[in-house]
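Take a look at the following structure, please.
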Amino acid sequence: MLLEVHSLEKSYPGADGPLPVLRSVSLTLDAGETLALTGESGSGKSTLLHLVGGLDVADAGSILLEGEEVTTLDDRGRAALRRGRVGVIFQQFNLIPSLNVGANIAFHARLSGPVDTSRVARLADALGLTAHLHKYPEQLSGGQQQRVAIARTLAARPALVLADEPTGNLDEATAGAVLDQMLDLVAETGAALMMVTHSQALAARMGRRLHLTQGHLA
Amino acid sequence: MNAKVLALLLLLPVSAQAQGFAGIGSTADGFATPAPNHTFQFPADHGAHPDFRIEWWYLTANMTGSDGTPYGLQWTLFRSALAPEAGAGWQAPQIWFGHAAITTPTAHHATERFARGGIGQAGVEVAPFRAWIDEWQMAGDTFDHLSLNSAGPDFAFAVDLSAEGPLVLHGEGGYSVKSAKGQASYYYSQPFFRLSGTLTLPGGNVAVTGTAWLDREWSSQPLADDQTGWDWFSLSFDSGDKLMGFRLRQTGGTVFTSGTWIAADGATTALGDGAFTAEPLETTPVAGRDIPTRWRVTVPGHDLDATVTALNPQAWMGLTIPYWEGPVIVSGSHAGRGYLEMTGYD
Amino acid sequence: MTRAGFQALWSHWRRNPLQLFTLVAGLALATALWSGVQAVNVEARASYDAAAETLGEAQYDQLRPRSGGTIPQDRYVALRRAGWLVAPVLEGEFAVNGERLRLVGIDPLTAPAGLGTGGEEVDLAAFLGGRVILANAETSARLGSIADVTILVRNSVAPGTIVTDIGSAQRLLQRAGAISRLILLPGQPLGRPPLAAIAPDLILDPAQGGTDMGRLTDSFHLNLTAFGLLSFAVGIFIVHGAIGLAFEQRRGMVRTLRALGMPLRRLVGLMVAELFLLALLAGGLGVVLGYLVAAALLPDVAATLRGLYGVQVAGTLGLRPAWWATGLGMALLGTALAAGGALWRIARMPLLASAQPRVWGVAASRGRLFLAALAVILLLAALGLALWGKGLVLGFALLACLLIGAALALPLILDAILAFGQRHARRVIAEWFWADTRAQLPGLSLALMALLLAMAANVGVSTMVSSFRLTFTGFLDQRLASELYIRTDNGAALEAFAAPRSREVLPIQSIDMPLAGLPAQVYGARIGATYRDNWAFLAATTDVWDSVAEGQAVIVNEQLARRAGLWVGDRLTVGTLTLPIAGVFGDYGNPVGQAILAEPVFKRLFPGEAPTRFGLRSDNPIALRRALIDGLGLPEGQIVDQAALKALSLQVFERTFTVTAALNVLTLAVAAFAILMSLLTLAAMRLPHLAPVWALGLTRRQLGGLELLRALLLALLTATLALPLGLALAWTLLAVVNVEAFGWRLPMYLFPADYARLGAFALVAATLAAAWPARRLARTPPAALLKVFANER
């Protein structure tokens, strides 16, 4: 078992006391498996993703990633988790504006250890980015930017790829193409994928889907 | 040192707003004070009265050059006592200062001198008459025939004066009241001088003729606490009549006026408070303040309703004690010339 | 609509009080810096004027008895009565409470303004009555109390001297009717007879130009004024930064208001009105702040509420109307300069342009190229002016080109250095650190320019002031080496009397004659230990004094050397003699050329000249002075105790040096504030740069540490670049501006310890400025960072 989430709770401070976002959420994910998280806005699907990725801290419950407890990690431990075993792709602003495309793709991999340059080149080629390696993020289109984010994540060889509406800012045709490339490459690396989306069409292409309603898994 | 400023602040110590000759001491410890029914003794009274705090010999003249250009001249010798005694040497408590000025329609030259009285640097002698400070001097065998000379860095003058009329006593026989509270001074004038002489100006020497008016006044505390400054007029009308009038400004905007109507033959009529009026018609920015340079002057009892206009509105005496003093032109019910002095404008 | 527009514009400030604070505080601090420097400058001038008054003997022509002794008082009155405006002075030694003092009697009514009393008020009646005497603090303390006499402390009175009325002086010294000398006042009236006609027994001593400090202090004033302008420039940069950032932040609001139908012209008008009000408010605050800071920093000066309205009170600092005017003018001008560009950009901004403030421009923009070209042109112009420029105006033009060019070049140079670092970085975090620092440069460059100018100004001030001090003290030691200076018509008697009683007798004999076609003075010097030990040369042969003593050479001052194009080794004709120049000496404050020969050579060339002035070296000048008066019958007034005067003038200069140190602190503090405010303002815009790095596995604490390191790095680089700029600045002032203005060059000394201290201070300032933003970053909640990826902001 790659990931075991058990009785996870999270609330945010609101005007009238704590506002529960996740209520006793439990799920499991195997290596290589792909999972879609769907739900209304505010249903807690992004929060779940953030907690699993070590980007935020849970109030209660447990998250076991490759057998290791994530919820008790401190700031440095969570940072190490993000550097090594997890890769996150957000809806936008994934890239480091001051570094060019080549440096961005290699960045995550270099943070976690020595980088395999041929792998970076292969990924860039597969995603059609070879001609853009010396450009800066703001010179790229939205689709190109998301492809760079995918390349960067996969170059680091994470065990679990987390994607939060990775194509939410793209038009439909581009979104389809980018998703295809992502699914192909994730399958190639053998990583598991957990993706938040509100699109039923995209969710349908994943191995499994879970629906969140007001912090509960259906 | 600011000794000069200090000297004057000390001599005229009253209130901060009373800059200038208006602010004369409110107390007269040990000093003599003027009293009514005084009998003047001439020529002795032409000399100094060291037991009074302050005294002046004050000459103003309206003159004309050969080309018709009008000129004004002022020469004043002030005496101010730190203590009511004559004394001798450096220890003498008598301080003298002199002011001299020439006004033309376009320029105004003024300068001043300071001296200690006890060492002979300045003083007044009676017979023959001699009043001096440094090389400046007004002297003659009698008070009726005087020679006057003075000089500054950029001007000089030397003129002869000859009296063509009698001395004139102001107020009640020379006892001139300065406020409703009774502050007073001894005050007489010789307004009938004929003048001829030479002015030295940056452009060269100018021969002039004209008339001059000499004021003599002494007291120990002529102004009341609430008086902030004065406007003083000496006017000579083409009719031969003359007018001396002053207006003491008081806090709260009220004024106290007094004056003397002088007929051509020297006969006088004292003008009590209100019988003489003067009101500013127009001001001019002078030395960073607004100074009235056109006035309406009336003496209803003598059918006078005239406009008095400064020949040169910039006749500012920018000296240790600053004030305005310059020649004026009279028009309206009467025509003529004269002099105007204004103090206490801050 | 106007009202609604105003409300919208103001609502921005309400929601962003920090930005409003930045803008107002930035403007106020810039203005404060300006008015504070004005205060320092005015205070420095006042100190010099006080010194000049004390040393004032030299600045007036004087009359003294031809054959020694005193002047009868009648002669004084006769001169006054003839139109000679003279003021009497009686001097003598006087013992009171066991202290032997120099008693100076003056007549306050005729004495030149300020003589003795330092322009402060004294009760005249008490002074004339002998109930008040004046002395400096030290003399006053020595005296203790005297019955029936008040001692007023006036530090402008020379040491060991009491000033009293001349009448009291005559009485105390038992010299009734006697006067030592007469000061000839400026502004003499027309028509004076010649002196010989009134007082043939008096001769006129002209004012002493040679020892006048006037030209030295003029030079110092000029340099301080230059630094006043520099502080203005620092201020402008800060204001520019504050306003520029405020406008960048409001691009979104402008877009919204325009989309809602607000005409552009109205909108720009509203912003101009808003800025005018803010500038007026901040400028007023700044003037008051500068006044208070200056008053707090300056010694012996008190700030009073009355001072704010320009009332001059003795011992307090008056806020002059000119400061209000220039202070507010500075705030408005700075705002206009800064807002001009920003308003223009707003006016040009397309309606649908991104509301996102631009922080990072990848491509070398047209503007960057333009600035680079401008910087290069200005720096080349500065170089050209330094090589070929002539005249004072061009000297200042050189300063302006150098400073503006350097400031404009700063971001480019820093970018090049950072790019180099990025290329050579091995670790990925280091590479990102360099790249991200480059990315942050445009937002920080105005603050860094202010830091550059502030540092350069401080290096320049330190160098200039310290060089000035070394030169000045050396010059005083050289020129006023003798303990006593004597003026006498009977030189032979003095020499015979003084020789056995002093270490050295140095006749001062000179003749005015043209040298190399220029007006000059030739001196005959008795070369001994005093000259050999004390004189410093700008250039000299190794055996300079030996060859001069042997009559084989001459030495000349810098003025003569520079004007005649002569230097060591060249030959100079003096009268019938032509000698090689063995040395060139600095002669600060002297307008004409000077050549010095050995005494025997001088006597051979000019047999008719007998010395009338002598310097006496003595280990016990007080006893020697006593002996000269009692034994030789020399009048008091003809003996000058130069050592005391020298000590006094040095003390006055020390005070100015302390004041300039305060100026340094002020300037750096303002630059640090600029950095702090820039970092705080940038903080929000920087989240998109930092959030991805955080998400990829750096902790917030690491990011905060890197932010701090980044500020330190930029400050270090800027400070390093400021050092050569500051030295160039000092060089320009000392070697170009001063030569053009006064004809001599102030030698430049280097003070590495001072620079190191300044550099350390700049780093501390930058660290303090960066600490708060870094701490805020380290504590940013994850949710705030996560928002970057989800929300359109």
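Going in written order, the chains are labelled A, B and C, and every chain counts its residues from 1.
Here is the rule we use: a residue touches a chain if its C-beta (ideal position, glycine included) is under 8 Å from a C-beta of that chain, and two chains touch if they have at least 3 such contacts.
Please read all numbers here as calculations on a predicted model, not as lab measurements.
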| item | value |
| --- | --- |
| Chain occupying the most central position, where position means C-alpha average | C |
| Farthest chain relative to chain A (centres taken as mean CA coordinates) | B |
| Interchain centroid distance [CA atoms averaged], chain A/chain C, Å | 63 |
| Separation of mean Cα positions, chain B and chain A [Å, integer] | 101 |
| For chain B paired with chain C, centre-to-centre distance based on mean C-alpha positions, whole Å | 49 |
| Of all residues in chain B, those that touch chain C in their complex | 1-7, 10, 82, 89-91, 93, 95, 111, 114-116, 119-121, 132, 134-135, 151-156, 200 |
| Chain A to chain C touching residues, read off their complex | 12, 46, 50, 55-57, 75-76, 78-84, 88, 90-99, 103, 106-108, 110-112, 136, 138-139, 164 |
| Chain C residues touching chain B - in the complex, by the definition given at the top | 73-74, 76-77, 80-83, 85, 107-111, 113-117, 119-125, 127-129, 165-168, 170, 176, 187-191 |
| Residues on chain C engaged by chain A in the complex (per definition of touch) | 360, 362, 428-429, 431-432, 435-436, 438-439, 688-689, 691-693, 695-702, 782-783, 786, 788-790 |
